[in-house]
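Given below, in the form of structure tokens, are the structures.
Look for chain A in each of the two complexes below; its partner is chain B in the first and chain C in the second.
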Partner chain A sequence: MSRSVTIARRELASFFYSPIAYVAMALFLLLCGILFWDDFQPGQPVAMRTIFEWMVWVLVFVIPVLCMGLLAQEWSTGTFETLMTAPLSESDVVLGKFLGSLLFFVFMLAPTLLYVALLAMYGRPDLGPIFSGYVGILLVGGLFSAVGLFCSSLTRSQVVAAVTAVAVLFLITIVPWWAATRTPLAGFWRKVADQGVFTRYADFAKGIIDAGNVVFFVAVTGVFLFLTVKVVESRRWK
Partner chain B sequence: MEVSESQRQRWLKYGANVVVSSILVIALAAVVIYLASLRPRRIDTTAGGLYSLRPQTLSVIRDNSKPVKIVSLHKLPQPPRDATRDEMRAWEESNAEAAQRVQVLRDLLAEYRSKGRNIEVDAIDTLKEPAKEDALIREVEQELGL
Partner chain C sequence: MIEVTELTKIYGNTLAVDRVSFSVEKGRIVGFLGPNGAGKSTTMKMLACYIPPTSGGAKVAGHDIFHESLAVRQSLGYLPENVPLYPEMKVIEYLDFRGRLRGLDRQRRRERIDFVIGRCWLRDVVRKSIGHLSKGFRQRVGLADALLHNPPVLILDEPTVGLDPSQIIETRRLIKELGGEHTVMLSTHILPEVEAVCDDCVVIAGGKVVARGSPDELRQSRRMQARVLVECRGPAREVEVAMQRVSGVASVEIIAGGAQNGPCVVAALKPKDGYDVREEAARTVIQHGWPLREIRLEHATLEEFFVQVTAQQATRT
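Our next item is the complex of A and B:
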């Protein structure tokens, strides 16, 4: 674990030297700021539900950009072989990179706490749903980072990694939500649509922490991290 | 004398291992998610307990064995056509409370659906979705044999 923490620290530091990470962060905060401003009007509820829901949509595009270089860059520059000469296992590297990207996501999310302060200055917000919304968005960030890392492990090209990750996230987040809202679904298909990331996240945004949803995010994140480890290991025997 | 593995043998050996272990992990995750959904544990963090149903309501929903469809019909004023930004803002402000009430209602219906296995819910805005309202009336008429 301590080896993963070392990798995570190195990865986090490298984010702060990357212009792409700053661009992604600025874009995320700009979009969230515009959406918050649009909602921060007289007569509107003193809540962050709308902004939390929009955040997921924005993250579908922002996190793949943040994560595209995590492994793809190591493959293309040939630094992975050097990294593996250190006493590290593939799992240490994958876990470290995942933690590094998750920590950067937390840094990216931190300025949005200003919205809570603004709401508290002008009204009396219900802090419960705000707390659950942040818990949910952290779980979403973890899952999206795991998907981004997995896609980055598949290719040497960062652009291909980002596009693949956006496609996967689109498929597991937006498509099920779209299908459930546009067409009346029942029975089996309704249950399939309910497994979408956005549907699972919606409960957190409105103020409900469901153990089933927490398990879903942790389990799916774990699956993508496991698959990433397997892809990285396969470089040895291919 | 030791014979080294051919590339094809290596692919078969390690590739099969990766495929089998990946399928097992995915299946395990699916089972864990399914088991977690069987006994839902939900914490309602809202101050007013907006999404907490009374125990009596819960027992009615859980004991229900027949399929039930709960439909809410409401009229939410539609935004004015060709409105300026300021007019739109004023309209939103005057209708914010009604929109909030409809949102709470939709959320509550979603809670009913999540708690009961045989419950289907829908919320129809009769001004925005007249076709859906007509379809519902036809469905009810058919059901009652009118």
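Our next item is the complex of A and C:
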């Protein structure tokens, strides 16, 4: 576990050295700012529902870009060899990298607390749904990071990793939600969408912390981390 | 300290390492020699627990590479070929990171980092990013990393590749100093390096061990003989015939010159055991009236030995 923390620290530090991370962070905050514009209008409820609901869409693109290098870069530069000849296991590495990217996500999210402060200055926001919204977005960030890490473990190319991760996230987040309203099999797709990321996350944005939803995010994150460990282990046998 | 038994690695259809066995005693410096693609790096990667062997096994510092891989890696310093490092990190940060991965506590980390920085001449660059360092410095960072936890065994894959001549000499001296306290295994295809640094060598070609022994033993092995080179101005055919008549000469080969290169020829004489043919060869040349330019005894080199054994291996497979 202490080795995972060591890896996480290094990973977090390397995010701050990478221009791509800053670009992704700036883009994320810019889009959040635009979304907040809608919430922060006279006559609107003192809440952050719009921003929370749409943030997921932004993350579908931003997190794959952040996570694309986590393992793909280790493959392409060969640093994985140096890493794995130190006394640590594959799960230490995967867990460490996951924690590192999650921490960076927290850093990226932190400036949005300013919006809470703004709302509190000009009105009396209901802090409950804001809190649950943050819980939800952290869970989504964790899940998306795990998917990004998994896709990064599959290839040496960061571009391929990012594109694959965006595709997977589209599939589990947006596609069922979209299909439920627009396709002939709407009934079927609605059932799928109810189990999808977007619907489950929407509950958090509304202020509901449902144990089932929390378990869903934690479990799916766990599955992707487990798959990543298996991919990393199998690469050494080739 | 290192015990390798029947170690084999197959990549798909390629047999990269074929039942390699050898052992290295504590405190020895062993050169792992072979042409490119002979299986040196693959063997070292298996010993460093980076890739699992297809069959066979090995023990490093008393631990099995397969079943006790964490213990092996804890007692091993490994310098991979090309030294992959994180370019964005500073030297000091990188060493600290590696120390943490090896589980060294704060006090010990500080001591060891200070020691390896001094040992590998990194004092001036500790605050620089690794990405901005020259190849020579990066190699030293890799070496410092391998030494960081003071491991009993060091495995260095081509430690002097890409260094300039003075760095090569420094690095060799460092490796030589490390012997005794550490058991060192280094791979190379540079033969003078083996002669300069190693106590023993293991020669590998086509995935098989083809020879073992100290550099002296290899040089003196049966196949290897000294030869006498005679350079004179004369017709190649006649020189060859005349040299064959010199008593004690087993065979003659014209290795340079001859008709197309003008009148100068170089004849290589292989003497029979126990004969020194130089004086008589000189007399013969002068009797024939060919101006003698040079006559010299050439000791067998490891190079020749290397070329011989690896060429044999190539024809056999």
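Here, the second predicted complex is superposed on the first by the 230 of 238 C-alpha atoms of A that agree within 3 Å, B and C clash if a C-alpha of one lies under 4 Å from a C-alpha of the other, contacts with A are read in each partner's own complex, and residues count from 1 in each chain.
Simple rule for what comes next: a residue touches a chain if its C-beta (ideal position, glycine included) is under 8 Å from a C-beta of that chain, and two chains touch if they have at least 3 such contacts.
The structure presented is a predicted model; accordingly, all values stated were derived computationally and were not measured.
Greater residue coverage of chain A by touch, when chain B is weighed against chain C, goes to B.
Legend: residue contacts after superposition of the two complexes on their common chain; A:W237 is shown touching both chain B and chain C. By the document's definition of touching, of the two partners only chain B reaches A:P42; chain C does not. Of the two partner chains placed around the shared chain by superposition, chain B is the only one that A:P129 touches, whereas chain C remains out of contact.
In the superposed pair of complexes, A:V192 makes contact with neither chain B nor chain C.
Of the two partner chains placed by superposition, only chain B is touched by A:V220; chain C is not. In the overlay built on the shared chain, the residue A:V159 is in contact with neither chain B nor chain C. When the shared chain is aligned, chain C comes close enough to touch A:S18, but chain B does not.
In the superposition on chain A, the residues of chain A contacting both chain B and chain C are 237. Residues of chain A that touch chain C in their complex: 2-3, 6-7, 9-10, 13-14, 17-18, 77-89, 236-237. The touching residues of chain A, counted against chain B in their complex, run 41-45, 126, 128-129, 131-132, 184, 186, 203, 206-212, 215-216, 219-220, 222-223, 226-227, 230, 233-234, 237-238. On chain C, the positions that touch chain A within their shared complex are 45, 48-52, 70-71, 73-74, 76, 78, 80, 82-89, 93, 97-98, 100-103, 142, 145. Those residues of chain B that touch chain A in the complex are listed here as 10-11, 14-15, 18, 21-22, 25-26, 29, 32-33, 36-37, 40-48, 50-51, 89, 92-94, 96-97, 100, 107, 120, 122.
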